[in-house]
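Two complexes come next, and they have one chain in common, chain A, joined by chain B in the first and chain C in the second.
For the complex of A and B:
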């Protein structure tokens, strides 16, 4: 799975499930800037788990991370699970 | 030392009769019941309710409202914003530590609980939202108002079932009188119109079942042919303020909150004491607290649920204590029984009755039960000057709360 695809999937989740405006999202924008605090991030990780089948621990992501970093984290977790 | 007077300086409402105080007041004054068939209840023994129409949380509360707040909190936020704006107070500049929030809520976020419980059963524990607990717990109604308005004074939610809103307002009165707060945002909120909750009330025989084909005629307090209540939802919020504080800033005062009385029947888990001993004590205590005699009461917004037992027992107490001098109404005929919000919504209606010198009619009161020996307003709203208005609220568990409002002048 390429980073672009994962990133696009993540953007779709943010837009459809977290009511974030698509135009506000870019790879460099942080979750904080999208008004997503730690509780929302936990919720996002749960949605990623149920919709993308990827488990990411709460400790490895923070609201100061960017959307691009989160996409890379998902890719890394996917690769680790597949190896 | 004389106790400080307490002024009502802000009002906000969300009811089945409309969103906003103006729409809700016009609705109750019309005497037309807001009950209707509820598609979510289709196929259940009782499928009618007084649901708030066109309540769009993302439009009314803001982005992500449906992700962060259960419906009972969304309605409290809408009503509280109206009440705070109406008071003329500015949350940007007020001393938040002197502002309390006390709300009543009988049930809390049962809709969120219900949805997540289904997800856990159908999908598994991994599907349960991390936001469930803060959406579900009833105290969040007050907690979110603290966040909205920077109100950092005492903050809590009272639960006395259908008296919760009135109990909250009574507790708020205490915080103002004892000097803890200058301002308290108070009232109640409830969004319990769910299939399982409605069916629970139906199973215990509390709901009207005779007129499911004509929902708008089902809630008929004090009528000879009443057979139960219609479940409703909504929120009523009042901004209460130490009168001196209100005067100093030249605030418009709707009315004064002059007294509060509370008691418990200790008679039965749900049925009212037919002798009304507990209600009598709460009413007597509230009038004494307000420093008015029973003969001075001009208007009563009754608990008046439209159940055979409540209305008869309440009327006996009112007849014995106040007589037939007061103009009595039950606004539950129009907006239904909003459970934990009822006492607060009816407190707002009581204040408006004083302010507008108008008593709204009791919807569907066609033939007054001969046992109800009171002057109950029926048909159309009545022009009636009230200097003293009483609002009664009684909850399961025998919990009684009575508020006394007096005119601002």
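For the complex of A and C:
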């Protein structure tokens, strides 16, 4: 799975499940800037787990991470699970 | 034939002191917007000075008895993590004050899962023939253990009590409790805790940190476990009951946080409008949250006879559990 695809999926989840405006999201924007706190991050990781089938522990992402970094984290977890 | 436990009455009681988010913001670094967007809570009720858990439990218990058209019960079970005192249990006091002195009475501490554990306990007492009518009360005075310096927990919890009267009956009756799935994981014991006051701290040889007398919770990990464990146990109990998720008319989860309730509904694929929500008005009332939600929804006509209801809870321990029933037609009190 390429980073672009994962990033797009992540953006879709943020828009449809977390009511974030699509125009506010870019790879360099942090979750903090999207007003998503640490609990929202946990919720996001739970959605990623059920919708993308990737398990990421709840303490591996923080609100100061960017959306792009989270997409890379998902890719890394996907690769680790597949290896 | 095995005797089933049939729900015959509900009751609830909230103490009179209503505390809004603005009231909390006057004494701690928080705001109405911060609390509402993160928890879904607008207000909660706190016990007045001089009140204790048993005072709330008696009111809710009396209402459940009246709702069931009963004046007595053979057992009183109180689920609470905030008992009147560490010893003895709160239930004997509650039973005596309800005029039920002499009947078996004991407490259950499964924290926020206490009510669901209590349902399984009542079911066991009834099916074994030990009791014909069990009064199960979930009651909490969280305000007695909230840390005023911890805004993450102080804004979430409220006080209150909810009760149900379960009677012996047939498994095919409306209101008959179905199978119950319960679980626990002591690895997570430190995630939701009041550290001081028990043997571990008292025999440690060192005085407790003052903060250890207060309730503490690791919100992120709890959120994760709550959603995961409740979803798993909901699926397990439905499978055991031979019911499908799309047959669930009402999802009644422990009112932990609106985001947990919504996320659980999404995770299960149950439309959010089928989830009962009263956390906005009462906060997280621990073991009392499910019976308060049931009593309010029944009184408002939201819960109707014949609806398939799925109950699920998660709490400190860690503990979790789920059960199902078909809602009975109850007398309005």
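FYI, the second predicted complex is superposed on the first by the 83 of 83 C-alpha atoms of A that agree within 3 Å, B and C clash if a C-alpha of one lies under 4 Å from a C-alpha of the other, contacts with A are read in each partner's own complex, and residues count from 1 in each chain.
Just so we're on the same page, a contact is a pair of C-beta atoms (placed from the backbone, for glycine too) under 8 Å apart; a residue touches a chain by one contact, two chains touch by 3 or more.
The structure displayed is predicted, hence computed values, not measured ones.
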Practice problem: Go through the superposed model and pick first if A:18 touches only chain B, second if only chain C, both, or neither. | Solution: first
Quiz item: After superposition on the shared chain, which partner residues are touched by A:43: those of chain B (first), chain C (second), both, or neither?
Solution: both
Quiz item: So, does A:59 touch the first partner chain B, the second partner chain C, both, or neither?
Solution: second
Quiz prompt | Common interface residues of chain A - those touching chain B in one complex and chain C in the other | solution = 39, 42-43, 46, 50
Quiz item: Which part of chain C faces chain A closely enough to touch in the complex?
Solution: 38, 219-221, 223-224, 227-228, 257, 259, 263, 266-267
Exercise. Going by the contact rule at the top, pick out the chain A residues touching chain C in the complex.
Key: 17, 37-39, 41-43, 45-47, 50, 58-59
Self-check item: Interfacial residue positions of chain A with respect to chain B in the complex
Solution: 18-19, 35, 39-40, 42-43, 46, 49-50
Practice problem: Using the touch definition up top, name the residues of chain B that touch chain A in the complex. | Solution: 58, 63-64, 67, 123, 126-131, 134
